[in-house]
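A, B, C, D and E label the chains in the order they appear, each numbered from 1.
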Amino acid sequence: MADTPQIVMDERVKQISPMRRAMIRPELGGIVGTIAVFVFFGLFAFDSGMFNSQGIMNWSVVSAQFMIIAVGACLLMIAGEFDLSVGSMIGFAGMMMAIFGVTLGWPMWVAILVTFALCISIGALNGFIVVRTGLPSFIVTLAFLFILRGFTIFLPQTIERKTIIGGIREAAEGDWLAALFGGTIGKGFFTWMGEAGIIATFERGTRAGEPVVNGIPMLIVWALGLVVVGHVLLTRTRFGNWIFAAGGDAEAARNSGVPVNRVKITMFMFTAFCATVFAACQVMEFGSAGADRGLLKEFEAIIAVVIGGALLTGGYGSVIGAALGALIFGVVQQGLFFAGVESSLFRVFLGVILLFAVILNTYIRRIITGER
Amino acid sequence: MADTPQIVMDERVKQISPMRRAMIRPELGGIVGTIAVFVFFGLFAFDSGMFNSQGIMNWSVVSAQFMIIAVGACLLMIAGEFDLSVGSMIGFAGMMMAIFGVTLGWPMWVAILVTFALCISIGALNGFIVVRTGLPSFIVTLAFLFILRGFTIFLPQTIERKTIIGGIREAAEGDWLAALFGGTIGKGFFTWMGEAGIIATFERGTRAGEPVVNGIPMLIVWALGLVVVGHVLLTRTRFGNWIFAAGGDAEAARNSGVPVNRVKITMFMFTAFCATVFAACQVMEFGSAGADRGLLKEFEAIIAVVIGGALLTGGYGSVIGAALGALIFGVVQQGLFFAGVESSLFRVFLGVILLFAVILNTYIRRIITGER
Amino acid sequence: MTQPLIQMKNIEKHFGSVIALAGVSVDIHAGECHCLLGDNGAGKSTFIKTLSGVHKPTRGEILFEGRDMHFADPRDAIAAGIATVHQHLAMIPLMSVSRNFFMGNEPTRKIGPFSFFDHDLANRVTMQEMEKMGIVLRGPDQAVGTLSGGERQTVAIARAVHFGARVLILDEPTSALGVRQTANVLATIDTVRKQGVAVVFITHNVRHAMAVGDRFTVLNRGRTYGTAKRGEITPEELQDMMAGGQELATLESSLGSTV
Amino acid sequence: MTQPLIQMKNIEKHFGSVIALAGVSVDIHAGECHCLLGDNGAGKSTFIKTLSGVHKPTRGEILFEGRDMHFADPRDAIAAGIATVHQHLAMIPLMSVSRNFFMGNEPTRKIGPFSFFDHDLANRVTMQEMEKMGIVLRGPDQAVGTLSGGERQTVAIARAVHFGARVLILDEPTSALGVRQTANVLATIDTVRKQGVAVVFITHNVRHAMAVGDRFTVLNRGRTYGTAKRGEITPEELQDMMAGGQELATLESSLGSTV
Amino acid sequence: EGEKYILVSHAPDSDSWWNTIKNAIALASEQMGVEVEYRNPPTGDLADMARIIEQAAASGPDGIITTLSDFDVLSGPVRSAVDSGVDVIIMNSGTPEQAREVGALMYVGQPEYDAGLAAGERAKEDGVESFLCVNHYISSPASTERCQGFADGLGVELGEQMIDSGQDPAEIKNRVQAYLSANPDTDAVLTLGPTSADPTLLALDETGMAGDIYFGTFDLGANIVQGIKDGVIEWGIDQQPFLQAYLPVVVLTNYHRYGVLPGNNINSGPGFVTAEGLEMVEKFAGEYR
């Protein structure tokens, strides 16, 4: 029998320094972008109030919103699919909560739970159609974009004779589950900070004397929670490996014993879950559900994920990256307002940043994966 | 030397009947859909005015609109890319014509030509970025969706202090080029038909006695022209073969001597051209350009193309199919109005039709291409 | 002769109007290398895919140690100890070598109620196994996409050997490999066989088949054309069988000996 | 000896930090089959891609009939009479056989000022050429995706033969083929060579190389390892060269003869 | 009996303000015994709306009630409808002059620019010198006109005081906060409807500026009414959409049945709703108000 010949390192490849190797990771684009964005606004909008406690809370909340849907979109995209119905799902979920909780008068926690169940089932249906027919998810979820939005307008109009249903805050008063989405935490701490003069207090109006920021909204808690869960799931579990495999090459993964269909359907469900969390937080904060909620959110989620370094075609990406993408997106959006840039130019900036981000990320990814 | 052994037909495959083979073509889904749609509305909306001269003109014009952008989107999609910036491009092109022709007061034909040049260059830029960086066209054109829309809002806002610029009809009066987009043809014939009582005439006002439909709008002429040109280009020319090849497998095509980059960039330019034609017809007909023109038209184009049987991933499709897809889309959209369906349910129908159409088309395609 | 590890009886497989397998029977014994030969499109890949759970046979039965087996999907086959290296590589270029190595068989470690992917173990095992095959990786987190074709093939085989306790199926593993890599793979087959594993080896190369095969089954147009034992058949006879029984005499004379 | 049709001198090709070719020189003569051999990753495909215009060499020169040549892209090479069948098939599964056959070389017919794709001619030629190769198509509009792998390979070769007036490059055309199909391809190479075409044939199979090759160049790690003429070298020597000069003696003894 | 009317709006079908309109025509059709259909361009694209008017005319109704949010785009189709024998009433946007020009019977509504101007003048009296206009529908010309009118009423440049807020409530809220903390000496906030007013209310509440900053809004909704009641919102400009839809139906029906027609246009707004007399408003906000 042959003793296997010793194969040595290829002398035809230049070695990459360990320092460079440590830096080259999927999140790098996101990290660089985040630093760039903060430096930029630190220079041009520092005295606009963007970095006082209120300002920080301002862009944090916006970024947290993006983060919630970006986590779902990121995992789904890594699993090789994407979901254009996220925005419509947000509108639909909010409306269903309002119809169940206000119009039908169910206890709010029942309304919320039933809505979650309903939306996750729709996510599963999306996924089921995609894996069963082999159609591109672009088309299938585009169909659901229309279908869900149609129902979101049609149902309240038929049932309640209006397209905004209010009174949710009142209906949710004292509800244990609603408090998980609508409240804030750390109120005591912020009050103390306000008294100690660490953060500013209101000088005028009905709440003079209270601290300008009176707690961390649950929205932010959810966002961070989802990012952590998503990150651990993706990088530290067996299921995470399956997500990468399903997106990298579904056929190969299936042949290696990965239950690809289950993975994909689960990810569609998780995306729907994230959209519903988004809707629940929004409905509880604003107290009303409208038929126009969530418009274009699917694109915003995809943009955050792509800025965060994920590959549109699946199999590559990181939740931390997506979260940083959401942060960049939120900071830029709010920062332009703080900096006083003409607001209709926001879209132009967004487009340009998106282009630069993907070009940077492509470059990084090629180094990592040896893609050609 | 070996005489090459004679390989006979494989006995392990059932033969397909010639009849079935003749029917199985990319357009089949579109043809079946068209027939189904007309039968449906013939039954349910016949006496609603949908099939009188005015009604026919109505859905014809709407379908023609879809057709113009669908032809571009179809060829681009067959070449393996797609363009999400079509809608923004429509808004942008119209706005530029208005700014050049009205605000700056250039002769309308100069304004139109400069706009065409500008928009086609933007299309080329889109294409150039896509082929150069190898980024998915989804992302690149999404960036341009935002950038162009941003400028479409920003420019008139800054220059004219409003988001809508009117007075184009006046500026275009007597312009030879504008007439190519805004006028009608066959006036004499329609007048005769009106006099002969074949079609209805106006009952009052300054136009009393004239026929209600007084000619075929140039929009329809453009649509049919583009469909014919697109179809011939795709099926009967060498360039058409390159389009299929570029979309089927860019690498393989390149190795076989197909100038893939040129083909793709040209198709991006052609899509931009179609969008500009759309914008020109709209602007000339309505006499004003607004920042909200063309919203979501990119999806409508893609939907028409996909209903028409093209493959989202490129390399397969037909212009005739796309045109039928546009016809179906237009007839359904207007027909639902004629049939008096609750308008918020329109989207639900659209989504459901889209799903059915793609499932049917996938089935047909698998038979043709032996895809697995 | 002992009881075969796997008996496949009259397997048929239809894809719509295409009849890929029209009745194929093969026995596979432990510690033996069974070569599957045949023309392009004869149905070899389809046949082993029914064995590895990718396709469900339309008709026919699979006996594993005498008991009836039904694989719903590849996971079941893998769980039963059947490891497969498919013709079109089952590697995911964007993923790291160690993630690929353990794809579908991830080792887990419990921390409290949760079980986590045990990266340390995975990395260690991967480096070890690859070293055994004579390939030194830059690191276990190197993406498979950066490996050469031969190296990838080796990862796939190493993986199958590591997990494939009972049966190892190799679908044309050597077709794209250089001479040295081929020698390596053949040597590995030899080792594995001697460890008592049943090997199913598909190839178009008569010499590769003769080098390691114990038995040779030739498929032709979806049917078993015949089975022969090592020593009972000459390379030339085998070659004629593989070409579907056609004598390639004319070619031989002008181009010399067996191809 | 006559002037070579193509001389490639000291070709180097770098991809970023990867040095794929570190200086390779090869002469190609008309009417001769030149075999290119070597380990996986030796640079064979990269080398022929510089010849077929896919890659621009980083350094080195290509002389075509003694004149300096620069190919900006594959079209130029094709125009100069260099036809290539790439290792990873250059066929588009969704397109019909005749469209594939003429891809990049579409025959046109003028009607007025416009030139149209001449479908009739294309279909006729395709059917003829495929029949010559022994493959009867259902029709010229059958999609390539419905052909078996071997049939596709044959289309690619038929296409290259049909258009490749001067030089025909085949990158591992036989690696996935059955015995009969392989014999077919080798016979085709023989025919074409006798018609005065220069053939460049890449393979890992020593026997295939010996069967049709007139000269053999072995690449190793991006460099020319050596060139030999038919009759000057034994299969065993050639095999040792291909494995990078390592003697495979141990393997030989246990598994018998050349693989 | 059973006359058929079609009401065409320019709003995308997610715009909630039009809900009142739908309710009004439902009520009017029931009371008058006529059939009224509601149509709108799904994305709010005015060019699509022109097609809908053509379509409506083709389906041969007795009358069409439509907005005239872009005269250039809509005048052609409306005039064709009139000429082909369909009676048209212009509602909501447009001006009485434009209505006359296209041959409509009458105009019912609130000229947007004038409403903005009136509001601006009122605010000026109250000592406002700078403001923020939260435009949630920037691509619609009517909403820009409101802001422009308000600026002209105040006698200041509009400039960058109008922001494109988008339609997501959280983004609106945070953009308003961002603007206000970057421009702390802003005197007033003007919102253009419930979509932007509701989040703005929250924004002001959170920044503690509620009740302190001068806050006016167009159109009513449940939260706006509550805001007026709480003293956070100074006034809401009520254009009474109910009347805009209800009256044309009644007018058309009576015109067709008895040949009677009011001699003049009807300005349904601007009416300023303030803290006084809120009861009925409160009860029906978002439904009939």
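Operating definition for what follows: a residue touches a chain if its C-beta (ideal position, glycine included) is under 8 Å from a C-beta of that chain, and two chains touch if they have at least 3 such contacts.
Keep in mind it's a predicted model, so treat the numbers as computed, not measured.
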Partner chains shared by subunit B and subunit C (touch criterion as defined above):
A, D
Determine which of the two chain pairs, B-D or A-E, is joined by the larger number of C-beta pairs in contact.
A-E
By Cα centroid distance, the chain farthest from subunit D is E
Please compute the C-alpha centroid of subunit A, do the same for subunit B, then give the distance between them in whole Å.
34
When the C-alpha atoms of subunit D and subunit E are each averaged to a single point, how far apart are the two points in Å?
72
Quick check: how many Å separate the C-alpha centres of subunit A and subunit E?
34
As a quick test, compute the distance in whole Å between the mean CA positions of subunit A and subunit C.
43
What parts of subunit E, by residue number, touch at least two of the other chains?
13, 138, 164
So subunit D residues touching two or more other chains come to 180, 183, 187, 190, 246, 248, 251, 254
For subunit A, what residues touch not just one other chain but two or more?
1-2, 5, 149, 153, 157, 342, 344, 346
Subunit C-touching residues of subunit D, taken from the complex the two chains share
38-42, 148-151, 172, 175-183, 186-187, 190, 204-208, 210-212, 239, 242-244, 246, 248, 251, 254-259
Of all residues in subunit B, those that touch subunit A in their complex:
129, 133-136, 138-140, 142-147, 149-151, 153-154, 157-158, 299, 302-303, 306, 312-313, 342, 344-352, 354-355, 358-359, 362
Where on subunit B is subunit D touching in the complex?
1-2, 4-9, 232, 235-238, 240-242, 244-245, 248-249, 251-259, 311, 315-316, 368-371
Along subunit D, where are the residues that touch subunit B in the complex?
52, 54, 73-75, 77-79, 84, 86, 88-95, 99, 102-106, 108, 114-117, 119, 132-136, 138, 143, 145-146, 180, 183-184, 187, 190-191
Which residues of subunit B touch subunit E in the complex?
48-50, 52, 54-55, 57-59, 61-62, 153, 157, 161-164, 166-169, 200, 202-208, 212, 282, 285-288, 290-296, 334, 337-338, 340, 343-344, 346-347
